[in-house]
Structures are given as C-alpha cells and as structure tokens.
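Each of the two complexes below includes chain A, the first together with chain B, the second together with chain C.
Our next item is the complex of A and B:
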C-alpha cells in the first residue's frame, strides 16, 4: 500500500506554478493549476533527467527548463519533441491546508 | 507510383521531420538519407556528455524499432549527389536513385576549415559522433589540448577536457571569447569560469603558423608565443552544406534560400535547419541562418507540415543554450537587434540582460547562472519577444515584478 505524504503547505506554491518535493530518495514536482487544483508528477524530465520544478507552468503544461520538452502535468502526457516518454503522475489531495501526495 | 517524401540529411532536423510526417498522418513512403552510419542522433551532447560520460553513448532521436514501427526507411552511410528537379529524383552515392513528390534538404552544416597550411592528423574538428570518439580518446590527464576558437563548441569542449584532467589552452583571435551573439558581460563570466577551472584562455591572439607532425602540434601566435599540444581542436564556426542545392540551380544566400514556409523557389523542394537561410518574422523578415538544436527541430516539424500542403510560416524566436562547468547560458532572440540593456538579477548570482530596441521593444534576453536558474525567465522573455512586447524597463529590471505578469499586459 502506498502512503499519503505531506509535501508542503497549500500556500507554498503560487497559482500556475510548480515546486520540487523530495521524499525517500525520489524527487517529485507538485503543481498548482490556474484553477487552484494540485497535481504531482515525477520530478525529472523524461528526456535528460532535469528537475522540472525549474521549468515554466503555463495553463496545464509544464515545460522542462533545459530543452523545452512539454508535458501535461495533469495527465503526465508528453507533448512532442524532444520528449516522447510520459511522466508518471501521483494522486494529490489538500487536507487542512496541507498538500499530500500518494507516493510509490 | 509515388515517390513520397524524401529527406536528405538524417540529423536532428531530418529525423524530426520524418517523425513529424507520420505524426501528421501521412501514409505514403518516407525516406531519410544520411551520410553517417548512425541512427539520427542529438548533437548537443557531443561536446559534453559524449566526452565526459562513462561510455560515449549516442543519443538517438529514433531507435531502429521506432523507425520500423513508423515505416520510415533510413538509408545510412550514403550521400545525395544530385537532384533531378524535372524528373523529381535524387541520385545517391551508392548509384541508386530515389524519386520524390516532395524533397526536404536538411543537410546541416560542417565545421569551417582553418585556412592554413601545416594541419595534420592531430588537428581535428567536431561535428559527428565519430569525431567525438576520436577527440575523447585524447582527453586525459597527461595530454595537452589546444582549442582554436573561443566559441560554444570550443568552450564546451574545453570544459569537458578539463573535467577529464587534460591541460587546456583556448586560442581566440578576437579580443574576447563569444564575440558573436553573446554580450560582453556574460562572456566575461564564462571567461573567468574557464580560468578558475585552470584553462589558459588567450584572446586577441591570431595564429601565424601551425606545424603538426602527427604526434604533436606547434601553434605559433602573432605575439611570438608558441602553444604545443597533443591535440588541436578547431572550432571556428560552421558553414552550411549547400552544394547539392546549388548544383540543382536553387538560390543560395548564406545557406539554401527559403521563404517563411521553408520552401525553396522550387515548390516541391524545402530546406530546414542549419543549411537554410530564412526570413525571421519577429524581426521584420530579416534573413538569418541559425545553427541551433531547437531551430533544427522546429523547422523539421514545420517543413513536414508544409510538405503535406500547409502554408505555415516560421514564427519562432531563436533560442539556444550552452552548458559549461556548472553554468548554463541561455539566449532568446537576436541580441544585435538591441540598442540598450536592462539587467535583472536573480538568485545565486544568476542574471538576465534584456535587450531593447530603440522603440522599447524587447528583442532579446541573455541569461547566465548556475544550473537552470535563468531558464524560466528566459522562456517568459521569449514569449514577450514573440509578442513584440514593449515592457517597462523598470519592471524588467526588478526581481519583485514577475515576468509572467508582463505577459498578460
């Protein structure tokens, strides 16, 4: 069974932005959408293992800071060259002002 | 019988174009012709990871399996030698010939040759994976490496060579490194980083003579100094590969001349990537030729779109990056379009220079910093440039004003 882990406070991430979260030897990216929903994906780009949290969030897209690979952070879908491998996504919930993600 | 789509050049641009044709639903024959023995691969790692990685791995754009799955025929180790425009056919160096409905020339560029006598087997260039393998064999602690040319390839290679312990000298004829397209303030930071890592950077030093006996290279500088190296790598720019197009009577203008849709004057022949010059819409149609990875990718995809009958014009803003030691430089736009500069400081010593035209329009942004510190703001700057925005200089210069907020304005 996977556990829910507290990643940050809901207010730690601006709307339409992203934050890095490291846990148990893995790195994740936590997103807050323009509609104030929260999402989580693997933290590293599937192209060259760069931290996505340094990238730019526009609407439902995260763009890798290194080579502009784009993903839909809600679904993990790669959106064309140079990325072709989707990101793994993780369930997220907000509870009492805390953002929790279900890792593993 | 249809010849389908033929792509000459199996690099980043050609490879992406072939995949894009299938992404766009084209079902006819797609043939990709390359003169290297490898699968289409990414070139940016050649000066970096291919040198310093544990093993020199090729970063393929598409595997054999993917090419087979997408029904892309990849003909390798073969050059195109002539285009028969009237007959819609290309003849190849293996004496075969391919007919085409549409032809894409993605022939790329080759290193500019140093026009001097005395060059031998220890004077090399870097363009291909095989070039990289040959250079890599020399990057070891007991060796001295001379880099001729303080441009991106030379400097990235200098950083890799240092990482592997070689003694490195960079020789640049211009008064400073990165004269083309990089602001002096940023070039100076890179210069200092190289010196701090132990590279001997010699600027303003013309070369008067080279003697290469096959074991050692002796380089004599204008001031009389002599640099002795086990290997000299020459990185003094690139020239577009245009002979095939020129022989077919197509116009050449610092590259194969194409319009905004990447068509040559022959409506069935397109050119894209390093080999072509094209009008850049964001700067009023100024004709440019770009030697950049992302441009190759974008133009490959755009050419595919237009080969299938669309009429889309290239609208992207030029963008490139360079990694040296822990520093990343990113530049969006053409900084020579600017007349004034506004500086924005970021965390960790990173900063961005915004280049503004006389009328206040943002035309370029140059950033440098550790890791990916400048990436997000450079990307936002790129969007502002594309929008032809005229952001207030005070807002650009203030770290407290989010660039994203300027996009909405």
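Our next item is the complex of A and C:
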C-alpha cells in the first residue's frame, strides 16, 4: 500500500503554477491548475532530466525550461518533440489545507 | 574583453560521432548543468508569459512585406527597378526566416501552438532546414552549446574555414548542403550524424518533409522551364542565396570567436545591441546570452530580461560593427592557433565564473 505524503500547504503554490517537492530521494512536481485543482508528476523532464518546477504552466500544460518540451500535467502525456516519453503522474488530495501526494 | 590562449586539446574533432564527442560525454561536458543568473520565480513567470499579440503583429508585417516585395519584384522583372524589391524580398525570405524558424521551434513566439507550428513549417521551407532534423539539432545546441563534438550548430569551427564563412553570406554552401540533405532524406536515408540526435520514431517525419519539399522544387523548376524564365526560382529557392547575408551577419555574432567547451553562456555567447530593423528581422536574438540562459523567455521579452540581469553579464557588444572588429582578428589568429579565443570579462557585480574552465585542461576542469 502506497503512502500519502504531505508535500506543501495548499497556498504555497500560486494558481497556474508548479512547485518542486523532494521526498525519499525522488523529486516531484506539484501543480495547481487555473481551476484550483492540484496534480503531481515526476519532477524531472523525461527528455533530459531537467526540473520541471522551473518551467511554465499554461492551462493544463507544463513546459520544460530547457528545451520547451510540453506535457499535459494532468495525464502526464508528452505533447510532441523534443519530449517523447510520458511523465508518471501521482494521485493528489487536499486535506485540511495540506497538499498530499500518494508516492510509490 | 581580452583574448587569451587556452591550451586545449589540439586538433578539434567536430564530428558528432568522433573523438571529442566521446570525450565530452566522459568528461561531463555533455548534458552538464549550466550557469543561470538567479531570478525570483515571480519575475521569471512574468518574463515567460506567452502572448499571441506581438508575434501576430510581426507576422502580419512580415508576410505583408514579403508579398508586396515579391509582387514588386515580379512586376518590375524586366527592369533594374526589380533590384530593390528583390533585396527586400530576399532578405525577408533568406534571413528573417532564420529567426522565425528559431523562435517558433522553441514554441515561444506565439501562445497558440498551431500558430508556432504554421510559421515554423513555412520558415523552415524558406531557410531550407528540415523541420524535424533542425528541431532536434537545435535541442542538442541548447543542451551542449559550443561543446566540440556535441553541438551540431557550431557556425565557425576552429581553425576557421573563412572561405566557407564568406560563401555563406551568399548561402552558397549552406544551400548546397541543404539540397544534398533534402535529396538524401527524400531517398529515405538518414545519416549517421543525424541519427545521433533524431530519435528513431521521428526519422520517418524528416523523410516525409524532404519528399514534399523536393516535389515543390521540382514543380518550381518545371515552371521556370515552361516559362523560359528565372522568375519562379528568383521567388522560390534562390532567395535563400541572395538574401542570406543578414542572417549570416547576425548569426556569426552569436558565438563567433568566443570560448568553446565551457558551461557558462556568458563565456560562449554574445549579446549585441543592434538597430531596430535588424532586431525585427532577427526577432531580438541579438540578446543571445539571455536567450541561451533562459530559452523559455519569448523574443519580445528579451530586452526586459536583459535589463534585469545585465549586472551579471559581460557588457553587451555595442554594435554589429564592434562585434566584427573583435571577431575578425580572432578568426585570423585562430588560423595559426586554434586555441586562441576571446575571453569575456564580467562586471564586478556579476557572480564569478569558474576560472578553472580556462586552466590547463578546460575539458577536465569543466567536468569537476
């Protein structure tokens, strides 16, 4: 059974933005959508292992800061060159003002 | 600025499958972590914001000027009055497409992706760069900027081939190689070098585009033969030659004469202050240090980014002429000593770069 881990406070992430979260030797990206929903993916771009938390969130897309590769952060789908491999996504919930992600 | 000699490995091997390619990977120069000026996230987000409006405005002006100058060229075809029209048309066709290809390839020019894709495809055709091959080569250029054996887009290798440089002001060698590559790709052949940076699943797309382009050029030549006139070729294809001068003039300034095998864009890239017309043609890529450090920032926000981080960058080169005044003597000296280069000086307000990059073995030092 995977654990729910507290990543941050809900207010730590601006709307339509992303934040880095490191846990147990892994790095994740936590997103807050324009609709005030939260999502989580692997924190590194599947192309060249750059931190996505330095990238740009537009609608449901995260753009990698290095080569502008784009993913749908809600589904993890890669949206074309130069990214070809999807991101892994993780369940997220907000409980008592805390953002929790289910890792593992 | 000072120019210094670095006793790097003698005899650079620029092959993407050669000795220096392997060395760069072994030494950690490839896919390294590059220096970035610190910018608060809030300001960075503002700089990265996308907008359709500036690029739509610029594209309407660009396409309008192309159509008008092309029409004028055809209208005055039988007189010398066609020359100024061809000058404008050729510069727009053979030079401004370099920056349109570039910015739309990054996906930063427009907020709306299909607009980036449409201008990217059109610009790629005019500048004769296969949209698949060059998307991937440019990705590598950003990963391994001016890393010998890794960067496929080094415009002036050491020692410089000055004949090639001069010929490319008229697009001669670039267009020739582009045609050879197009025919080879159209025949279904992807070269060994191309295979090092184009993923296998993308290679059929490069072949498909090459076949479409080949058909367009064959149709243009057929029309020229049918009309017994050079005019179709003067409007499609040849402008890549007679209009190349501006993109070569500005493109050489990007990295020419500066350090190689370093992982700090302040050392290997050049920001140049240029006139507004050239900035329109070049879409602000004269802010080249800024672009490489933060490729997410759209062209229209680069002047603002420059103002924000200039305390941490070398002083910008004040003009195109000043750039050539430092580059040309460096190229000439590199004919005798290929390890000679221009070392950028940082202002006292800048974070220092790693001096060990210029010690006895810059490759090894950079990998530490």
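Here is the rule we go by: the second predicted complex is superposed on the first by the 104 of 104 C-alpha atoms of A that agree within 3 Å, B and C clash if a C-alpha of one lies under 4 Å from a C-alpha of the other, contacts with A are read in each partner's own complex, and residues count from 1 in each chain.
The criterion applied here is as follows: a contact is a pair of C-beta atoms (placed from the backbone, for glycine too) under 8 Å apart; a residue touches a chain by one contact, two chains touch by 3 or more.
Since the structure is predicted, the reported quantities are computational estimates derived from the model, not experimental observations.
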item: Simultaneous placement of chain C and chain B on chain A, clash or fit; value: clash
item: Chain B versus chain C as contact partner of A:82, first or second or both or neither; value: both
item: Contacts of A:103 with chain B and chain C, given as first, second, both or neither; value: neither
item: Which of chain B and chain C A:51 touches, first, second, both or neither; value: first
item: Touching partner for A:70 - first (chain B), second (chain C), both, neither; value: second
item: Those residues of chain A which chain B touches in one complex and chain C touches in the other; value: 54-56, 63, 65-68, 81-82
item: Contacting residues of chain A [partner chain B, same complex]; value: 16, 50-51, 54-56, 63, 65-68, 80-82
item: Contact set on chain A toward chain C in their complex; value: 17, 47-48, 54-56, 58, 63, 65-68, 70, 81-82, 84
item: Residue ranges of chain B touching chain A (in the complex, touch as defined); value: 16, 19-20, 23, 42, 61, 293-294, 297, 301, 319, 321, 371-373, 375-376, 379-380, 404
item: Residues of chain C that touch chain A when the two form their complex; value: 31, 44-45, 48-50, 106-108, 111, 132, 135-136, 139, 142-143, 199, 201-202, 294-296
